[in-house]
């Protein structure tokens, strides 16, 4: 019997989700990293041009006769052309006083370390990038500081950024899809290793407890080692059980045989009726305990075998004929005869010893209850089905259900020796082969036990 | 019939031997394989009863050697182990049959008869007396040229009488012989069987005499 | 009487203070749809075919066409941007500064080459070179100068012939004139020498091409420098008397531009008008009195069309302008 394992989560799902999750996170990070870097580079580009422009304007400033002249070069503004025709603003201050340009373009608060400052701000409702620079001019005994502020809208920058964002997004998506595909593949191959091991475990025959020889990846080695040691222990335990059962049989029966032989011998020497009755009772008891012991041990062994059913190709008819031949002397002793009918040959794949044992129990049962001089009939058909019927008292209707449970004996069994395990054993064998045991009464009288495989 | 019993349990061996002798057979007893081998080499037996667990080895090895030396004496194995645990199929061992201890003597006897019937001819074992030919193995009684097949209990009763003519058998003795321990025996049952035998023997010189209070006796009328 | 004076005084601002438009005309007056107010520096006679074509296509729109000088247009639009829907001018620099300063409405759907528009708010629709126009009779038997240097030599050769009889823009008053002058100065120092020579010959200064052409036509002046060739060509009746020379040393080519005022009440109609200007090839109209169309960049490889880019702001800078004007005055006014 196998219970379904307690399933919690899935290795494959966990692996795939983790990998894909990781890939998603990385893709997003990649996107932002690329975008930020690109934004920096683009801004740097704009700043470089603004810087060049302001430099050219500052260079064109000169003091002539104490008067500041700024001859803005044509190139200063022409270099500020962008594909989106960004608007340009500028302002020239002398010693903090506005000289020319756009008055609302204020000087930035001058930072201490350099003459230059780049800032982003707003002018006339639009985002602009602004650079301020200053230069000190000396002439005619006076010093004067000229400050130039240059601003430009950032439409071109925005457009470049959008394009880069789009490309980065595609890159990120591509990376993600690729990684997702990769993670599916990796998961499959890794889980595949586990599946391979599972297959080789499943494919083993029920008796195969030999250690696993096939190569496995390093991480799975501890698992296989545990499995092998488990199977080793199981194998050992099983053979110990088998040995125990065999030994038990021998140890129980040998003394019983001794007691019986003595009882029998004594019976022949004793004349008095009550003594004779006592001895007969003793012998009956010994027989019963012997049979009980035998059946218990057989039952244990059969339970073991049915858990690990080893099937052979046999001919049921031949098997049963063999059995009948063996049982004929016993039947003859009771003046009963056994007759076999049915199909001439019935091939089947099953455990021959278990089947023989089951039918033997069925026949034993019939022989117990069959009346003198009658025939116990055994019919074998190709279903496959083995039917044993006698012309005895039959089963009591309510007993049919309970009779096959362990240790139950029918009410009609009074006075007969036999443990109740006979039909239980037969039923166990039937079930192990995927079949059933059915007890019925024949319409013409007598019991009928049908073993279907 | 000549039997060899190979069994190390002396009590059991004694019980079986005395029963066999009572039935008119000759039986030798070896309590180990060495002795058994010696017996087999010097004597010829009709049937060997072989125990599996012997002090100096496994009875199956003896069986293998026995078969290997082309001796086809039938062997019935006596085993205390179960069929299932030893995975013994009927013919696997090379034995002709097996009996599980403890066994009913009547079962042993029935099996011996069955094996002998199969294996050897009935020629050896017939008993001729008083115009009657009795083949205990085949279970045939030939009287005045007619051969009939005796049924089991008749057969055993006949065997008992014919092996000890003139001997008085009490009803008890006869009941012991005919019925197993779990059969319900009526007083009448013995008389029924005796009556049947009488009928069969009518044309012959053999007669079963009732001795009231004592039992029955087979007499040979010369 | 007092009432009459009061009335007159009240009305005067409307009449007198309001600058006289050079021209004022309403096209398709009876239309039931929007009224577009177009302020332009182009003479009506040249622009009318375009407007006629437009109202023919859009019969529900009426157009009020107002003409003034380029500098005046710039001032008016800055003062009252809501008074006009469309601003057309030949002073590319002033137009660009208007657009840069936020007075133009961006039109995203107009399809035109990138060099013919700026910031999707300023749209060029003609290509017109500056020319030297001469009185043919004055050069009878003489070599007709094909370059500026040639003109300098011609003027130096017969100074008395030309004293007081040459004309050019007063760059202090005319936006287009300033534009042409500054672009010339950028291109070569021949310009300054020419100015000095003309200054030494008591050159007449004009505010507009039209007047220059008129004086040229009636013989008041014999040479006009940096005149719009298109205007000269229009004067069909004096065609044989005048010669239009496109100097071969370098050409200064301007593009007439139009923008939609950000404060317009009729953005859709205005956009339709711009679209029409940009698409239509006035020459195709088959009229002699039409403006030269936009030339593609490929056609004008050896000529330099003034670039429609922020560099045009350079010469509009106060300091720079002062410097230029002072140099110009030194040269021209002696």
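Just so it is clear, A, B and C label the chains in written order, and each chain counts residues from 1 on its own.
As a working rule, a contact is a pair of C-beta atoms (placed from the backbone, for glycine too) under 8 Å apart; a residue touches a chain by one contact, two chains touch by 3 or more.
Being a predicted model, the structure only gives us computed values, none of them experimental.
Peer 1: Considering only which chains touch which, label the overall pattern as line, ring, star, complete or other.
Peer 2: Graph shape here is a line: each chain touches the next, no loop.
Peer 1: Which chain wins if you rank chains by how close their C-alpha centre is to the centre of all protein C-alpha atoms?
Peer 2: So the chain sitting closest to the middle is A.
Peer 1: Please compute the C-alpha centroid of subunit A, do the same for subunit B, then give the distance between them in whole Å.
Peer 2: Spacing between the chain centres: roughly 65 Å.
Peer 1: I'd like to verify one number: the distance from the centre of subunit B to the centre of subunit C, where each centre is the average of its C-alpha atoms, in whole angstrom.
Peer 2: 149
Peer 1: Would you mind pulling out the distance in Å between where the CA atoms of subunit A average out and where those of subunit C do?
Peer 2: Spacing between the chain centres: roughly 86 Å.
Peer 1: Going by the contact rule at the top, pick out the subunit A residues touching subunit C in the complex.
Peer 2: Per the touch definition, subunit A meets subunit C at residues 68-78, 80-81, 83-90, 92, 99-102, 124-125.
Peer 1: Along subunit B, where are the residues that touch subunit A in the complex?
Peer 2: 9, 11-12, 14-16, 18-19, 53, 80-87, 89-91, 97, 100-107, 110-111, 113-114, 151-153, 172-173, 176, 180-184
Peer 1: What part of subunit C is in contact with subunit A in the complex they form?
Peer 2: 99-102, 114, 117-120, 186, 307, 309-314, 317-320, 323
Peer 1: Going by the contact rule set out above, which residues of subunit A touch subunit B in the complex?
Peer 2: 242, 245-246, 249-250, 253-254, 256-262, 264-265, 267-268, 271, 276, 280, 283-284, 286-287, 290, 294, 297-298, 301-302, 305, 322, 325-326, 328-330, 332-335, 352-354, 356-357, 415-417
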